[in-house]
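Chain IDs A, B, C and D follow the sequence of writing; residue 1 opens each chain.
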Amino acid sequence: MDLSYGAEAEAFREDVRSFLAAAWQPGERRKADLKDYIRAFRRQAVEAGYLYRSVPKRYGGAEQPVDVIRAQVIREEFARARAPMEVGGNGVNMTVPTLLEKGTDEQRELFIRKTIEGEYVWGQGYSEPGSGSDLASVRTKGELSPDGTRWIVNGQKIWTSQGMQSTHMFMLVRTEPDAPKHDGITYLLIDLDQPGVTRRPIRQMTGEEGDHTFCEFFFDNAESPVSWQVGTRGQGWQVSRTTLKHERAAIGSADGLGNQFRKLVDLAKEVGRIGDPLVRDELARIEGFVLSHRYTSFRLFSCSAAGEDPGRVALMMKLYLTEIGHEMALLAQELVGEHAFVEPAGAGGRGPRGPRGPEKWLDQIMGSLGNSIAGGASNIQRNIIGERGLGLPRDLALELEAGGGRA
Amino acid sequence: MDLSYGAEAEAFREDVRSFLAAAWQPGERRKADLKDYIRAFRRQAVEAGYLYRSVPKRYGGAEQPVDVIRAQVIREEFARARAPMEVGGNGVNMTVPTLLEKGTDEQRELFIRKTIEGEYVWGQGYSEPGSGSDLASVRTKGELSPDGTRWIVNGQKIWTSQGMQSTHMFMLVRTEPDAPKHDGITYLLIDLDQPGVTRRPIRQMTGEEGDHTFCEFFFDNAESPVSWQVGTRGQGWQVSRTTLKHERAAIGSADGLGNQFRKLVDLAKEVGRIGDPLVRDELARIEGFVLSHRYTSFRLFSCSAAGEDPGRVALMMKLYLTEIGHEMALLAQELVGEHAFVEPAGAGGRGPRGPRGPEKWLDQIMGSLGNSIAGGASNIQRNIIGERGLGLPRDLALELEAGGGRA
Amino acid sequence: MRFHLSEEQIAIQDAVRGTLADCWPMERLHKFADSGDDFDPDSWAALMGLGLGGILLPDSGMGLLDAALVSEVAGEMAAPGPLIAQLLAVAAVARSGSEAARAHLDGLVAGTTIAALALGDSQFVQSARAAQVLLVGDRDGGIALVEAGEGVTIEPVQPTDRSRPVSRVSFAGAIRHELFSAGDPLAASLCDAALVLIAADALGGALHCTDISVAYAKEREQFGQPSGRFQALKHQLAHMALDAEPARALVWYAAYAWDAGLPDAARAAAMAKAHLCDVYVRSTRAAVAAHGGIGYTWEYGLNYWFRRAVLNRAWLGSPAEHRVRAAVMAGW
Amino acid sequence: MRFHLSEEQIAIQDAVRGTLADCWPMERLHKFADSGDDFDPDSWAALMGLGLGGILLPDSGMGLLDAALVSEVAGEMAAPGPLIAQLLAVAAVARSGSEAARAHLDGLVAGTTIAALALGDSQFVQSARAAQVLLVGDRDGGIALVEAGEGVTIEPVQPTDRSRPVSRVSFAGAIRHELFSAGDPLAASLCDAALVLIAADALGGALHCTDISVAYAKEREQFGQPSGRFQALKHQLAHMALDAEPARALVWYAAYAWDAGLPDAARAAAMAKAHLCDVYVRSTRAAVAAHGGIGYTWEYGLNYWFRRAVLNRAWLGSPAEHRVRAAVMAGW
């Protein structure tokens, strides 16, 4: 085993550093000025082959061969220089790969460049009230206009992140109400800036309800051209499976968990409990999981770099992360004690956050529960591990209901 | 609330004490002499109304009205005097109530007195290899002899406690192989002392394999008179439900758990760990469950004495006990440390137990797992709590398979 | 021998439950939570109208068990405060020899004089702005009744528990009536009673979380079935019930032991506080998970119970602190 | 960058697995467990025939990671000892300056001279009766090689772990060759290596328990379905896998850090030992529960892994002890 990246990668690292030293000099720029500078910088970085590496050049990408080591070096060096990476979000992580795989040339031309340049921001339109993990229980209706050129959409979507910023949405709509559940769904792109669309931020249990929270969307005879439908009519469920896979790969950066653990240790020091044998034992116990997660992410990375299949462990990372988050939340709650009587300043996105004491952990204490819900509930993750990872037979109710249609 | 038993019960307690002071004087008696003395004592105790209170006098019982307070006083006073209670075992706890409820007069005459006097010892013949919690998956066959007077039994039963001592067995046999699963079973009594019956003790993971362990039984054209069949042919599943209910009521004496917890505290002292903050915290944490269990048993007892329904909590005691046992096992394992490298003397019932140190906890550490298995596996208990206790709908697979036949 | 509830006790719980259902529906709770108030006069008047204020009067014919049963329903319904403070203030004042304090007794029993609780080392006090008197624990272990007003500094904060909002309070130079001096067993006993009442609130909250999760699992369909039919969720719900329901008797026993003056009353109170507050935290977390997305919304309201669990757990000492006390009291 | 197994490493594991499958089937293990022996010459010869003895020679081209991979398979197959002792004895003797000890090196590498391990404070030694030399940790932190024979007292006991039976051993007045004096970093490093090898054994055992439980759940029918179709058992099995599989990388890292001489090698060894031994105990318990009755029988053999988990957990320090060390090493 060898955790160094090798000479070739280190030479590449030097290239990236040189590039950044020359190209990323934001100085004292602010606001619009800075925005323009960043836009120009990203264009240079794409030309240099550092951003949007998997996107063809004709759509504004760098069109580079897959190389996870190089990608990692780029991430590290950009982070060190505090230089902006890709715009991120659902558009780059989900819409672009889906269009590259399943879209028409027209759709690619229309959307990819504007998405990776940050002009189009995409919301996800899968969840509906009550659908929970059963994403195929789509009730939002799509009906063809009498002239057959537009989809008319009616219904409601929920839990759309970046919903207040989104310009567009990729969504599942039920277009063949009489077909078997998984066969009557169509995958549609839609412009959110139209009279038939209403959005409302969802206030969460943390109190959060600001610009960066989830939204729900109401569709009342909203319209989208038929040419914006991705894949075959009625086969939207299969199209959406591509993107969900991408989402799973995007979640679970090991560094985030490690940073949070270090903050938990700092919290124990801050509240004077780091000498408490119970706290020390619990910290070290949790760290066993944190490190297992970290080194497993190395393992996945290494397999990915070598083009090898890491096996069942890849299916476990999401749930593992969620469960560690729960453990950390419980210890944090013990440590904050009465500090938790006061809600952290800026919760709910109302007003500036300002300096915050131990009570800021309340966000994590509640937020750890959000992880069990977002991106596939924990019980679904357990099914995935049991069925795809261990090869156990499918739940009878799911098997009967799906009729074999669900991947 | 009032945990005293009241004046009437205390007066009754005096009666019991007087009786015991006079009737229970075993002195230096040993072996056969002591055995005779005990037999005579039990007869006196039955006459006084203290033992076999629910069994009619004509079958050798005391035939007393139900009174859980009196029964509790009797238990307490007999325990204090170290006087023998009922012979116990499956015969008294399961066969006798079943025969009283579902047996023929002939069967009652034949079996009850000899059972409560300890002459007949009953093994339970429900589990079969691989049947697990699915007790209705009976494969042991019962076929009528050509002249229609005897059942011919072929198959295998397992996990029969007191199997080496058992003289008789109550068992489920499949008599109508073509009927729906739950409708083709007959409940049968059988004499185990016949050529067609072979018994073998099961060696358990603790190493135990002595006179008091479980057995498996092999039936090779074993026979039983048709008149020993209890209830209607093919309705044995319903007959067996009566007895399982009795079994559940018999498990879960709160005192046993409390005693074991006190021993765990003693163990912490013995190994010099009682001052360890982790151990103190864990002991007190576990005690929260131990006391909850104890006081809930008071609650159940109190409801029972008042003839009131305690509700869903009654369904939880078995699983609660099992889970507390697991917690205690894990702490015990921490406490015994390297003492656990040596198997406790007398494990496996080979030779005398002799004085045993902390390593004796190995029996509990493994034994706590036996609790999850015996008397209905924990997942079945969770189903019972969820379905009968909380009113949640039945598992689809169980519903489809049972076809409504299972209670 | 009697260790389950009497019809009268069940009737009291039903009365409190019915009253709160009327005057404290979710819309009202939502409005209160965003109002910035720390006291709700309407629900208070309704509860006090039931005569709850006098439960812990020495001659009430009731006792801590009855108070705990009321506190349980308050926890179940996420009722606003300062119910526990009021019950304890009556108990304290009625048992003290302070004439100045006893002048407040009638008002306290009627609920027209509102009491807040400042036992322990905490600087946070529920309903502090509404209170006319504060039951204060001295650093040395005595207990005093402090008059609100001059010398009492109250700094409002954004409270985590929106149903029982706290303020930051200090008492330098306020008017105070000593009720029990340091070392008076009644002082320690009152603190024990507080622990039992908090444990009871936690019990009610945990059972509520279980019940609404079960109800939701029966109603909500997933994959063509009520979600509660799936064994995984069913077993998670079974474990919620398993965690909370047997612990009910632990609260009963602690209250009974206090009422009967049993030697293990103080230890039982510590065990109940530690155990139930842990149960409550687990139950609220499990309830959010069992609900999925809707449980994470503010609108659904589950977060109020979650926030109460946060407060109950840390209020008057964490579970770990009470386990340390329990270990010492056991002579370990 | 390489943080997954090479084909060569997978081949080594397969070779060890195949060898043990041949020479150490369940019948053999059953027989050994009841024999009272503490050493099995046949399987030893087969394993040593693979050349495993020399893995930790400084010039082997292999390292602790490879040794850990072997130990993992030994744990998976419940192989008899004293494999870990032998690997470490070779590492220790080869790195020491003691000529007298080095005279044993060839025999140790070949497996003809059998080594037992007596590091730490333990009085219990595996395969003590078979061993010709013992790698002994001195109370002051040094390490010596002790010759079996005069001065070494061995008292057989009924061992809990039937696949690696221990005896009670003392060394008053035995012939000893000092390998590393107190304070020599190599002495501490060897103890770290022992922790990693135990962690690897625990990993293999935990994965084995998971795998046989999964296999059983596919094969066994309950209520007309393979029992693994039921969500409750399925999720329990998923959690067994979740507990063991990600922890594999923790063992790899600890071994890699030792081989690479990274500054966090000692801490990584402590974390791996603590974490994996906890995982193993949980896995064996979960495996028995997942099997039901058959898992509780001696005949099925699951108890051998359960007993190994008992030994591994307490061997060379409990998880809590190593967590204390890890906390200190982190500077908390």
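The rule is short, and it goes like this: a contact is a pair of C-beta atoms (placed from the backbone, for glycine too) under 8 Å apart; a residue touches a chain by one contact, two chains touch by 3 or more.
All values reported here derive from a predicted model rather than from experimental measurement.
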- Chain separated most widely from subunit C, comparing mean CA positions: D
- Item | B-D compared against B-C, more contacting pairs | B-C
- Query: What whole-Å value do you get for the distance between subunit A and subunit B if each is reduced to the mean of its CA atoms?
  - Reply: 54
- Message: Just the number, please: Cα centre separation of subunit A and subunit C in whole Å.
- Response: 40
- Task: Please list all residues of subunit B that touch 2 or more other chains.
- Result: 277-278, 281, 379, 382-383, 395-397, 400
- For subunit C, jot down the residues that touch at least 2 other chains. 225, 229-232, 234-235, 320
- Message: For the complex, give me every residue of subunit D touching subunit A.
- Response: 1-4, 65, 214, 217-218, 225-226, 228-229, 231, 234-235, 237-239, 241-242, 245-250, 252-253, 255-256, 259, 268, 271, 274-275, 278, 319-320, 323-324, 326-327, 330, 332
- Message: Quick check: in the complex, which residue numbers of subunit A touch subunit B?
- Response: 276-278, 281, 396-397, 400
- Residue set of subunit D touching subunit B in the complex reads 122-124, 157-161, 166, 220-225, 227, 229-230, 232-233, 281, 285, 288-289, 292-299, 302-303, 306, 310-311, 313-315, 318, 320
- Query: Which positions of subunit A touch subunit D when the two form their complex?
  - Reply: 1-6, 9, 69, 265, 268-269, 274, 277, 280-281, 283-285, 287-289, 291-293, 295-296, 298-299, 301-303, 305-306, 308, 310, 312-313, 316-317, 319-320, 323, 379, 382-383, 385-387, 389-396
- Message: Per the contact definition, I'd like the list of subunit A residues that touch subunit C in the complex.
- Response: 127, 129-130, 132-134, 137, 158-159, 181, 202-207, 209, 278, 326, 330, 333-334, 336-338, 340-343, 345, 347, 359, 362, 365-366, 369-370, 372-373, 377-379, 382-383, 395, 397-398, 400-402
